[in-house]
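Same chain, two partners: chain A is paired with chain B first, then with chain C.
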Partner chain A sequence: MIDWKLILEVIGILLYATFMGFIFMGIERKAMARIQRRVGPPLYQPIIDTLKLLGKKESISHGFIYDFGPVFALGASIAALLFIPIANFQLFSSNADLIVVAYLLEVPMLGIMLGAMSSGNPFSAVGVQRGLLTMVAMQLPYGLALIALIQHWGTFKLSEIVALQGAQGWSVTVPALLIAMIVFDIVFQAMLGLEPFDIITAPAEISMGPMVEYGGKHAAILFTQHAVQIFAETAFFAVLFLGGASNLLELLIKQIAVLFIAIFVASIYPRFTIDQAAKFFWKWPTILGIIAVLLTV
Partner chain B sequence: MSEIGNDGVISYELKEFKLFEPLFKWARKKSLWIVAFCTGCGGIEIPPLATARYDFERFGIMPNPSPRMGDLFLITGYVTPKTLKRIIITYEMMQDPKYILAHGSCPINGGVYWDSYNVVKQLDRYIPVDVAIAGCMPRPEAVMDGIMEMMRRIEDGTADGWKRYRENYEYYRRNQDELFGEGWREKEARRWLAWI
Partner chain C sequence: MNEILIILFTPLLAGVLAWAFDFRGVREVIGLIGAAVPLAYLVKLYPAVIEKPVDYALTVGGFTLQFQLGTMSWYFAAVASLVGLAMAFGLVATSRSGYDWLFALMSFTGVLGVFLSQDFIGFFLLWELMTFASFMMVLKRNRHESLKYFVLSVIGAYAMLLAIGILYARTGALDFETIRQALIIDVSLGTIGKGETILLFTLFLTAFGVKAGAVPLHVWAPGAYSETDQSYTAFFSGALSKAGVYGILLIYMLMGYKLYAELGTFHGHLTFAYVIAWIGAITVVVASFLAVLQEDIRKLFAYSSVGQVGYILLAFGVGSPLGFAGGLFHVLSHAIFKGLFWLVTAAIILQTGRTRFRDMGGLAEKMPFTFAMGLIAVLSLAGIPPMAGFASKWLIYEAAIQAHMPLVAGAIFLGSGLAFAYVVRFLYGVWFGQRPSELEDVKEAPLPLLLAMTILAIPNLVFGVAPGVVTGYINRILMGDVVGGDYYRLVTQTGTYNALLVSTALVIGLAIAGLVYLYGAKARRVPVTDTYQSGNPVTEEFNLSIRRNFYRPLAEALEFWLRYSWDRFYERLAKLSEDFADALRQAFYNGNVQSYSWYLAIVLLILALWGVL
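And then the complex of A and B:
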């Protein structure tokens, strides 16, 4: 039997997430502009950009894998989104959905890189190499933060984590998990691709890195993917550390709070080089992560 | 996607999405991404435009380092034959619709380099320029005005440089070959990609 309610909810959540993701991207650009004392673009500017990219008259393709990369990335982002308990909707659920979401959020990067590598542009190759190195570097602190969280709450299920936080107070109020949140926030910066870890797309150095060959409709898909991704990542953060949410408005407030921390950090710090980033990830966040894990044992 | 109609005019409108064409036109006007390729003296006029004083991001204009995503190509000053090669290659890399904004007197008629042996006198013979701003060097206000003019033209459909380039490709190609000699593209490509 087809579950019509589930289908409608999935479509609704997807539309909402895409729209809000675009608005988040707009907030990001607007807030950066205000910090630099500029007026900045309107909040819906990313939507206009995506429309324009869709309206391009031609899209150059470099073969099947090149077309497949962005679609793959978009699919992974959507899959991750559907596992996260968004307000009172938990669309899909499994016994260990925390791990599923944590790693589905990393897959889009791989999809983009797959497409980028097949374009044969040297800038893409450099970007992909940097991207993979960043991913390897951030796995360790990322894993440690999640282990601390899982050990404290004793469950892998996101909905149970939300329920436990509702009963015993948010994760951030636990000292060990506060440390874990700091670690997670540093990794989060790299996951969003913001400074100081925007080494992958470093616009002034390697001209957008993996994205250099993408244009037209491919780029529009990548923009949409980024919107869904930003929504999923902020929601994941809110669910893990800020006690989840019982309705969409509460979730939105928490997501925007998380987003603003990322924007403020991004607008203050300059970019790391790739070796500095790897060294940094394996030093401070890792030490903090180990402390957090030891405290929760 | 493009076909020749009964009247011999090439139509580049997407048949399937004809209904959305006004929406796309509006989006194109509101989101011009600049290809950051600054030639000549005018590159220095772009930072004031991008920063707090004249902030062009208000209008959705964003410097974009990759030519594949760009819409607006700024030719910011005199063009030597050596630069012109790169300009043509970058222009052809960009995806339709694309627009060219030429700054200063030099791309129009040579400016102060009118008798120089090594400056391209009239840029419009080699690639189609949509809007040209006179002045040596135009101030950011003038550039802003040029961008506004460009937006107006995109809206009423007269910024059609990319169509002209396709329709009169032989003409532009002949002029380019006259300047650089036949087969310059292959020669240029072989310099960077020795294996082809």
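And then the complex of A and C:
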């Protein structure tokens, strides 16, 4: 038996998430511009960019893996999104838990890295190296924040975490989880690839790192992937710490709130070098994370 | 003739025959048959084993050796036999000598014997057979590394022998069942004190820790795993390290209750298990960090292997049924993905003759099948759903967090990040980037090696999409419904993972992305040398791939910690004792007749004073 309602929901959420993801990217650029007293592009600029890239007559390829990388990344981002409860739409979220979603959110990275590596461009290689080292650095505090959350709520299931927050108040209202959220927010900055952790793309330093070789439809796919990923990650944040949402509007407000914190932080701080980032992650966020997990044992 | 006897000794027999009839073609056929028989018989015995254990007793020179094929030993033996079969196919391509076949198959028998033994006589004998055979495999290539392995194995063996001696003195028995019951009764009798229990635990932990490569006893592993035939390493790291892991389970089975009674609990965890969990966690972190910084493909996988076995120790250390389930599952997934990695490494080394990352690159176009197999192994090790590696890691996560071991669970998170980093290093260093001009005429690996890889790659995919097949069997071993769900779905008390649905979602995602890709414009193929270089002209003679020190910034961030090394510590210790012995030799055996006569006089004097003369 085919569950038509679910299929419609999936299609609807995918379209909505892609669109909102692009708007988030637009907000990011616009807000950054306003902070720097520029006018900035319109909110829908990323959509125009992507459509333009898709319309290119020809794109170059460095081989099968180079093509497969972005496709795999976008596919994995979509898969990750389907396992997060988006507002009142459960999608597949009752069949996967926090660890699965946390892993699925990391898979796109592997896709991008695969494609970037096969391009043979040294800037891409540097970008790959930086990306993985950032990931290694942030993994420990990230893990600790998630562990604190799981230990407090006593379940791995995202839908149950949302339900429990509905009954007992948002995660942030619990002191230990507030610490966990601060840790998670620092890590979040690196997950979105924003300053001070925009080491991976590092514009004006290594020419967008992994993405440097990509143009045309490949770049369009990567843009779309970034849009879906931003939507999924902000929704993940809202679900874990801000009590989820009962409708899309509530979710949107929470996502934008999370996004603005990230943008404000990003516009203040300059970029870390990679070893500084590693040392930073293994100092304060880790200490805070350990405090959080010990408080929730 | 009993099946267990056939399972146990066919590999050894085949090894001896292959060594005796050392002709091209003959030894390979004999060896392959010898390696395939155990797996075939294990499959045949499967229906019998799940009904009730199959027993067999062998009387040799007054000793009775008991063997039993229960649910757990079947699992371990089946994993070892699967890797053993793949190893045999690999050896067909990589080895040209009967010597390799003899000792490779001898260690096969040793491993199976360790898993099937029901008493300490057989266990110890076959344990030593396994160690000896693997030592001989390393000795052929590198004397220094083989000696390191030998010394640590001897320490382990003495520790085990001492522990067995103490147990025999206290219980008067050598078979597992009697010892187990005696130790349970002893909890109320109290003839074995707390100190002695701790001593026994430490001795066994040393013995099994050496084989599993637990930090700080891991120093032999990087050298020994790399300095041997790489097809054999698939078995060495995939199956032999599991003997150490099996030993840890044996500690639980024999002494678990006694250790609990004597040592009690620590913050709600079994104290002795907590020790094992932390050893595992430290092994994961230390070995993974070292793996990231390696410049040699074999060293990288050797350290990674040590780290992955650390996951298993950690899982067993959690001490809950879920922990055992996760650990047992990881025994299988580690064997298949790490075995696959070593076979891929064997293929690379066979075809290029190089081992360092700085001499390789761009091989994906030359060896596409090997690359695909390598990619499967990478996805499985990095724990990308839906692969076997993810299912087992997921269980370990659930177990560690559910048991409220947050810091231990944090080590898994860190370890998996590091695993991501080192597999990508492998991908980049070997397969991508510009190809050195000397590698232009590299060809795809020979057929037997490709078959070997396929044998191990299929389970990675099958048990990834249907992890319930494995957990269903593990439930039988643990005699309870530890992990619920069906073939495709794993359900624990607090979490759930539907592998089939994750695969479906990935396929949906890939389909959408693929459609966007296909809808887009045609792509024009350009070589890897034709890239954007910020306006710098690039000529062919410069290889622009990062060949050396790929993770230099990490080494810089870890500068402080990298100054300390267990390996260097042991080497220094060895040097010290060597110097000490040397000094003794020079002081006493100085070649002076007069001093020799003095020694004689002194000895005579002492004896006279003692009243002997």
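We take it that the second predicted complex is superposed on the first by the 294 of 297 C-alpha atoms of A that agree within 3 Å, B and C clash if a C-alpha of one lies under 4 Å from a C-alpha of the other, contacts with A are read in each partner's own complex, and residues count from 1 in each chain.
Going forward, a contact is a pair of C-beta atoms (placed from the backbone, for glycine too) under 8 Å apart; a residue touches a chain by one contact, two chains touch by 3 or more.
Quick caveat: nothing in here was measured; it's all calculated off a predicted structure.
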Check your understanding: Is A:29 in contact with chain B, with chain C, with both, or with neither (first, second, both, neither)?
Key -> first
Practice item. May I ask you to decide whether A:37 touches chain B, chain C, both, or neither, giving the answer as first, second, both or neither? Key: first
Review point. Which partner, chain B or chain C, touches the larger number of chain A residues?
Key: C
Check your understanding: Looking at the overlay, does A:76 come into contact with chain B only (first), chain C only (second), both, or neither?
Key -> second
Check your understanding: Thinking of the overlay built on chain A, is A:260 touched by chain B (first), by chain C (second), by both, or by neither?
Key -> neither
Review point. Which partner does A:274 reach: the first (chain B), the second (chain C), both, or neither?
Key: second
Practice item. Give one of first, second, both or neither to describe whether A:48 is in contact with chain B, with chain C, with both, or with none. Key: first
Check your understanding: So, does A:216 touch the first partner chain B, the second partner chain C, both, or neither?
Key -> both
Review point. Regarding the shared-chain residue A:289, is it in contact with chain B (first), chain C (second), both, or neither?
Key: second
Practice item. Look at A:100 in the shared chain and tell me whether it touches chain B only, chain C only, both, or neither; answer first, second, both or neither. Key: second
Practice item. Using the superposition on A, tell me which residues of chain A are in contact with chain B and, in the other complex, with chain C. Key: 54, 56-60, 207, 212-213, 216
Practice item. Could you pull out which chain A residues touch chain C in their complex? Key: 10, 14, 54, 56-63, 65, 67, 70-79, 82-83, 92, 94-100, 103-104, 106-107, 110, 113-114, 117-123, 125-126, 128-130, 132-133, 135-140, 142-144, 146-148, 150-151, 154-157, 207, 212-213, 216-218, 220-221, 224-225, 273-275, 278-279, 282, 289-290, 293-294, 296-297
Study note, to complete from the structure: In the complex, the residues of chain B that touch chain A are 1-2, 12, 14, 17, 20, 23-25, 27-28, 30-31, 33, 51-52, 55, 57-60, 64-66, 68-69, 71, 94-97
**Study point:** Residue ranges of chain C in contact with chain A within the complex
**Key:** 267, 292, 362, 364-365, 379, 382-385, 390, 394, 397-398, 401, 404, 406-407, 409-410, 412-414, 416-418, 420-421, 424, 427-428, 431-434, 489, 494-498, 501-502, 505-506, 508-514, 516-517, 519-529, 531-534, 544-546, 550-551, 553-554, 556-557
Revision key, fill the gap. In the complex, chain A touches chain B at residues 29, 33, 36-42, 45, 48-49, 51-60, 203-204, 207-208, 211-216, 219
